[in-house]
Amino acid sequence: MSELMSQAIDLMIAGMGFVFVFLVILVFATLLMSKIIGRFAPPEPATPARTPRAKASAPAAVDPDTAEAIKKAIAQYRSRHKK
Amino acid sequence: MDKLLTLWTGSGLFNITAGQVVMIAIGLLLLFLAIRKGFEPLLLVPIGFGGILANIPEAGLALSAAENAVHIAKPEVLAAIAGILDVSYEAGQAVTPEIRDAFKAAFKDADYSTLSMANAAAQDFGYANGMLYNFYTVVIGSTIGPLLIFMGVGAMTDFGPLLANPKTMLLGAAAQFGIFGTVIGAALLDWFGILDFTILEAAAIGIIGGADGPTSIYVSSVLAPHLIGAIAVSAYAYMALVPMIQPPIMKALTSEKERAIKMSQLRPVSKKEKIVFPLVVLIAVVLFLPDAAPLLGMFCFGNLMKECGVVERLSDTAQNALINIVTIFLGLSVGSKLMADKFLDGQTLGILALGIVAFGVGTACGVLMAKLMNAMVKEKINPLIGSAGVSAVPMAARVSNKVGLEANPQNFLLMHAMGPNVAGVIGSAVAAGVMIKLLG
Amino acid sequence: MDKLLTLWTGSGLFNITAGQVVMIAIGLLLLFLAIRKGFEPLLLVPIGFGGILANIPEAGLALSAAENAVHIAKPEVLAAIAGILDVSYEAGQAVTPEIRDAFKAAFKDADYSTLSMANAAAQDFGYANGMLYNFYTVVIGSTIGPLLIFMGVGAMTDFGPLLANPKTMLLGAAAQFGIFGTVIGAALLDWFGILDFTILEAAAIGIIGGADGPTSIYVSSVLAPHLIGAIAVSAYAYMALVPMIQPPIMKALTSEKERAIKMSQLRPVSKKEKIVFPLVVLIAVVLFLPDAAPLLGMFCFGNLMKECGVVERLSDTAQNALINIVTIFLGLSVGSKLMADKFLDGQTLGILALGIVAFGVGTACGVLMAKLMNAMVKEKINPLIGSAGVSAVPMAARVSNKVGLEANPQNFLLMHAMGPNVAGVIGSAVAAGVMIKLLG
Amino acid sequence: MSELMSQAIDLMIAGMGFVFVFLVILVFATLLMSKIIGRFAPPEPATPARTPRAKASAPAAVDPDTAEAIKKAIAQYRSRHKK
Amino acid sequence: MDKLLTLWTGSGLFNITAGQVVMIAIGLLLLFLAIRKGFEPLLLVPIGFGGILANIPEAGLALSAAENAVHIAKPEVLAAIAGILDVSYEAGQAVTPEIRDAFKAAFKDADYSTLSMANAAAQDFGYANGMLYNFYTVVIGSTIGPLLIFMGVGAMTDFGPLLANPKTMLLGAAAQFGIFGTVIGAALLDWFGILDFTILEAAAIGIIGGADGPTSIYVSSVLAPHLIGAIAVSAYAYMALVPMIQPPIMKALTSEKERAIKMSQLRPVSKKEKIVFPLVVLIAVVLFLPDAAPLLGMFCFGNLMKECGVVERLSDTAQNALINIVTIFLGLSVGSKLMADKFLDGQTLGILALGIVAFGVGTACGVLMAKLMNAMVKEKINPLIGSAGVSAVPMAARVSNKVGLEANPQNFLLMHAMGPNVAGVIGSAVAAGVMIKLLG
Amino acid sequence: MSELMSQAIDLMIAGMGFVFVFLVILVFATLLMSKIIGRFAPPEPATPARTPRAKASAPAAVDPDTAEAIKKAIAQYRSRHKK
């Protein structure tokens, strides 16, 4: 087996091992954290889980037409005040 | 007339090489893919444009002052730089291609102080660093660019779905097999004599499997800066192709019945949990993997700014003005590494080939891990969300949802897939830290 | 196994020191105060987070390349750096704690060129500056960060109330006794042998009494950079505590009748006066105190951009994107100075103790000055607005208003207190200029 | 008296002296400026003094509900167009 | 008392020179013109303010560390710097004005490495670069500032009118005679012995005729950095005066009938043409004039980001946060070159005089070119749109429209004038590239 | 003729020559581009040419009063949420 291949295998074992160890610890730490917060903290109005980063499904509190109108108004306002 | 001749001999048409023509065509292709096909345009528009700029003949936008001076090759300047770089060249000697190659090799091997001295000498003679070279040095050479992007991504990430079901983090761990499997793949190519790679290069290529742009750029800037162009292009292109790469693998590894598994709705997650979670991740980094501190530290910082609710100004800036500014410069800087003589190389083809392997292996391992977990626990998870563990946020989660809907039109997996999706970001940052620790 | 051992011996758990544990706890405490108690979160969130990052064992985020190299202590690297720093160390010699201390002392005493050379040598061997070290160098080492914050604050400041009643500027002058009184306090601690301070350190500590974050950071970065962490934390913490520190002092020094004094409504101020005022301040700086030019110059520039009305784009950016970006980096940079071996020190306790004295003395002198003025002029001012002269904009003005309302529910002092409040900003910048002139 | 103490006292005298001189000059310069502007300049619609930096008491030209609605619309618009 | 004396001898009042008084007055005048008269306030407010800051006596805000050290003139520091700059000075020798002049001359002639070493030596003794000096180095010395402004301008430019009628590009070419005519003018002044100019200085002055701020700053920073203050002030001032400078010339060169020519409405331009056009310009730069690559490359990049429609985030940031931030620093940096001993000079008067010639010649040549084109083609163009070829976007196009309306109230030339107007930007960037190629 | 004058004349000839050559080529390249796009591309809803940079004449899809109201609402919203 080539030098590079043995290095690559070593790296895989150490790397995947570590990734799993780290994330398993994180799973338990997270569960513990949620338990502690749930026990000691007063109940608060919880936010339901939402899509991260994409925010594609943001609640449509404003209908698209209104948003469009406001978008145009803002664009118009900007176009007047921008250099 | 003299002056017109100078203009003509200094023009692109007079000097352009075949390699530069090809690279400009590649730059235009990247722009086409970004603009018409929607391939990760935020990065590929600046990368493609930067690639074209980097290949403008005679402009030297991606070269250091010393490299520009060697390109112009005035005898006295060349002699001064040769002295610093320890290249054997006498003032007045003809500048043969061999001598140019000797200079190039010397630039590649020189250490930090020597390069600084060579640049200072060239600047004494009036040469300047190219614009893109400066961008690269400031934004990527210092590693600050990818870290700030990571901070902004942190400020846009919602860990809610992950907190509601933390065991899906394991899917994000399994999918990192794509990273290390690709390192093995590179070693195989090397073993069979198809291409030559060092372990540093193999590791940098592997990180494409992390399916996370800033992590890829960060790791390759540390381990193999000369490959950063090919690695970044490969990473962003395949992230854009996730909706084509993943579904066949997902379907091959799962039965119709598995794909139709409905998962129970996620529990609501409290604000406090969301605030504390980035600190829990940070403490884990402190205790177990200091080398992941820059990446995960900035990621957690961005997320804490978002969730804590008292620094909205800063969070908003991190998600908008700052990340946009950095993205412009990061893209142009990556583009500066698309120079013909560095990019048009067998290694680049190898990187593109290995990149798709990386995505495939990661996808498969995520799905298989989900099936393994189902074999061990009572409450079944839909194995389709395993593929989201590769990251490629949020595209991979959407793919899970879409394939799930095909199997069962009432099956909404998006939220469930976001858990492993963001866990994949953490997983590949951890893998990056391990690689830098062991090799860097 | 070899690699796993490397990971273990390189982990935080294996290397963490008691000092680092304490500092991480302090970082978490700062985050708690900022997020739950609302203590100046815009600065204390980044400072607290930066403090945690700076104390991650083995990560070296707050160390220079040379310091990182010395920490790793490979013999040949150590020998190279020892040669530059003039530390007696032979390659191969055992690295005892004494030798480490000798290196630390050498770093502290070395001049600019020597440090540059040591860093270049470390970079030749592949070491890099830590992320936070780079932030600190660029943002605070160059003094640009606090100055840009000051520009943004200028662009958010309305001098209207001050222009309507310019004599309240004297209150802003009197409150600066807090600064110089604290210098005397530090000298007393030194005299009684409780702590050792140099005059530079004493002056830097005194500036906490200016109750103005960027001024504190600016002055301590010039006079005593090693104390910047403790000084900034102290300044921001006490600014947040102004509603608790000031009222008892204000009530102790005033009678119920004085507190109930109603002030006549402020005259309207014309746009032209507001445009010309920053230029008047600038001319005064030109004529009398060039050393306050960076701070007050940028402050007046920001205010002119706001008031002149023809560069709204720039004013808006100075108040938003730019100040937010700088705040993020400034906070992390200050956090980088919360390293265990530099922060956990008797001096820090002294700085925290002196900081509260500074605020108290400033408050008292402001109130007493108001009473003195009342003894001399006909139209009485409410002495409660004197306490706003310490700055801590706009908190101190709100405190004046609140205490005034307690004495007389029809007594609205907010606008009247804003005059001395912004005068206090000018006053402490002037004090900063004097200190830098005489000591810097 | 220790060296440091005498330095500190010197610094206080010079510093407070200078701060007062500077601000007293500024008081007179400001009064002079206002007088000159008031005399030579045509009267203009003056803006009443407002709270600096905090802007807490900005005139409520738009009622909070409307502002809230617009805020939501903007957030929604952004969420669609942001990466 | 000692300390008060230090404050007095260090005050501006004690040290101010007549030149500084004049320059501060000029700074205030620029602010007046910008704020009250609306002269290009976005640039002239920061330039004027920076000019005042640069002339604060003893503050040294626009000086390097070494220049500050020479100004303070401690014998041992002076001796160290003298050794580096090769000035004959012995420690202890009296510091005569001749010696100061010798240092100034040495600073002017020194190459990059020597200046770096002198600055490092001064920093070893505790001196620091002035704030404005740092701004200048980072923003203009590196050429990044003008290039980013150009990117932002590109992102605000609509090439639609030009694409609808490409032959109006020739008007933008003709108006560049203003640039080269001014070079001849400078040579004439030199020939008659009125002022001395080198060809580099003459070329840098000529670029004022490009009527484009960032191009002027870019070219003069490359060819004649010592003139950048006068050139930028001249360029922006005359751009603001375009509505006064151009109409008489336009009317003198055209008949009433010509001015009343109505042009047919412009054809609609498709989105695709607008996307491809910046790439066409880029390819032309690649093939014909690599030296225009930084300017036109960034301009086309900004325009592509705007038109491609898939990176709105980046385009928006380029047009707002980023360009505003750069404008603030660019203005202050240009202001740093308004120091008395460099600005109060016959050359500055010459530059102001030549600047107005430049605008006039450019205007005239644009109009004449339009008349020449009318003599050759069938479909007549209104010669008034020729004057818009000087650039000064969008002011010059508005002037064309206004003069056109005077001749014929139904004659709307604005859209037709925008074509040559933006072509003028390209034209002067090309002229800049030629100058840098032949002289740089 | 002085050295500088002859340099200046040289520069003018080379410079103006080059500027014209470059822009003439660009005219033809642009015409060619428009022709190619017009031929090969499907017709699309074209946007009429608009004022660049100044955007003074942006279509008034929202009337100024509405824009003003929204501007105020935004300002008010910001004033509450900004530090």
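For reference, chains read A, B, C, D, E and F in written order, and residue numbers begin at 1 within each chain.
Simple rule for what comes next: contacts are C-beta pairs under 8 Å (C-beta built on N, C-alpha and C of every residue); 3 or more make two chains touch, one makes a residue touch a chain.
Computed from a predicted structure; not experimentally measured.
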item	value
Taking each chain's C-alpha mean as its centre, the one farthest from subunit C	F
A-B or A-C - the one linked by more C-beta pairs in contact	A-B
Farthest-lying chain, centroid of Cα atoms versus that of subunit E	A
Whole-Å gap separating subunit B and subunit F, where each centre is the average of the chain's CA atoms	34
Averaged-CA centre spacing for the pair subunit E and subunit B, given as whole angstrom	38
For subunit A paired with subunit D, centre-to-centre distance based on mean C-alpha positions, whole Å	39
Interchain centroid distance [CA atoms averaged], subunit A/subunit E, Å	45
Sequence positions of subunit A contacting 2 or more other chains	11, 14, 18, 53, 55-56, 70, 74, 82-83
For subunit B, residues contacting two or more additional chains	3, 7, 42, 283, 288-289, 313, 320-321, 434, 438
Interface residues, subunit B side, partner subunit E - complex	3, 6-7, 10-13, 15-16, 24, 28, 31, 34-35, 38, 41-42, 45-46, 49, 52-53, 55-59, 61, 120-121, 123-124, 128, 131, 134, 320-321, 324-325, 327-328, 332
Residues of subunit B defined as touching subunit C within the complex	111-114, 116, 142-144, 147, 275, 279, 282-283, 285-291, 293-294, 297, 301, 304-305, 308-311, 313-314, 316-318, 321-322, 434, 437-438
Touch list for subunit F against partner subunit B, complex	10-11, 13-14, 17-18, 81-83
Subunit A contact footprint on subunit B (complex, rising order)	153, 156-164, 166-167, 169-170, 172-173, 176-177, 179-181, 183-184, 186-188, 190-191, 197-199, 202-203, 266, 268-274, 276-277, 280-281, 283-284, 288-289, 393-394, 397-398, 414-415, 418, 421-423, 426-427, 430-431, 434-435, 438-439
Subunit C residues within the subunit A interface of the complex	2-4, 6-7, 312-313
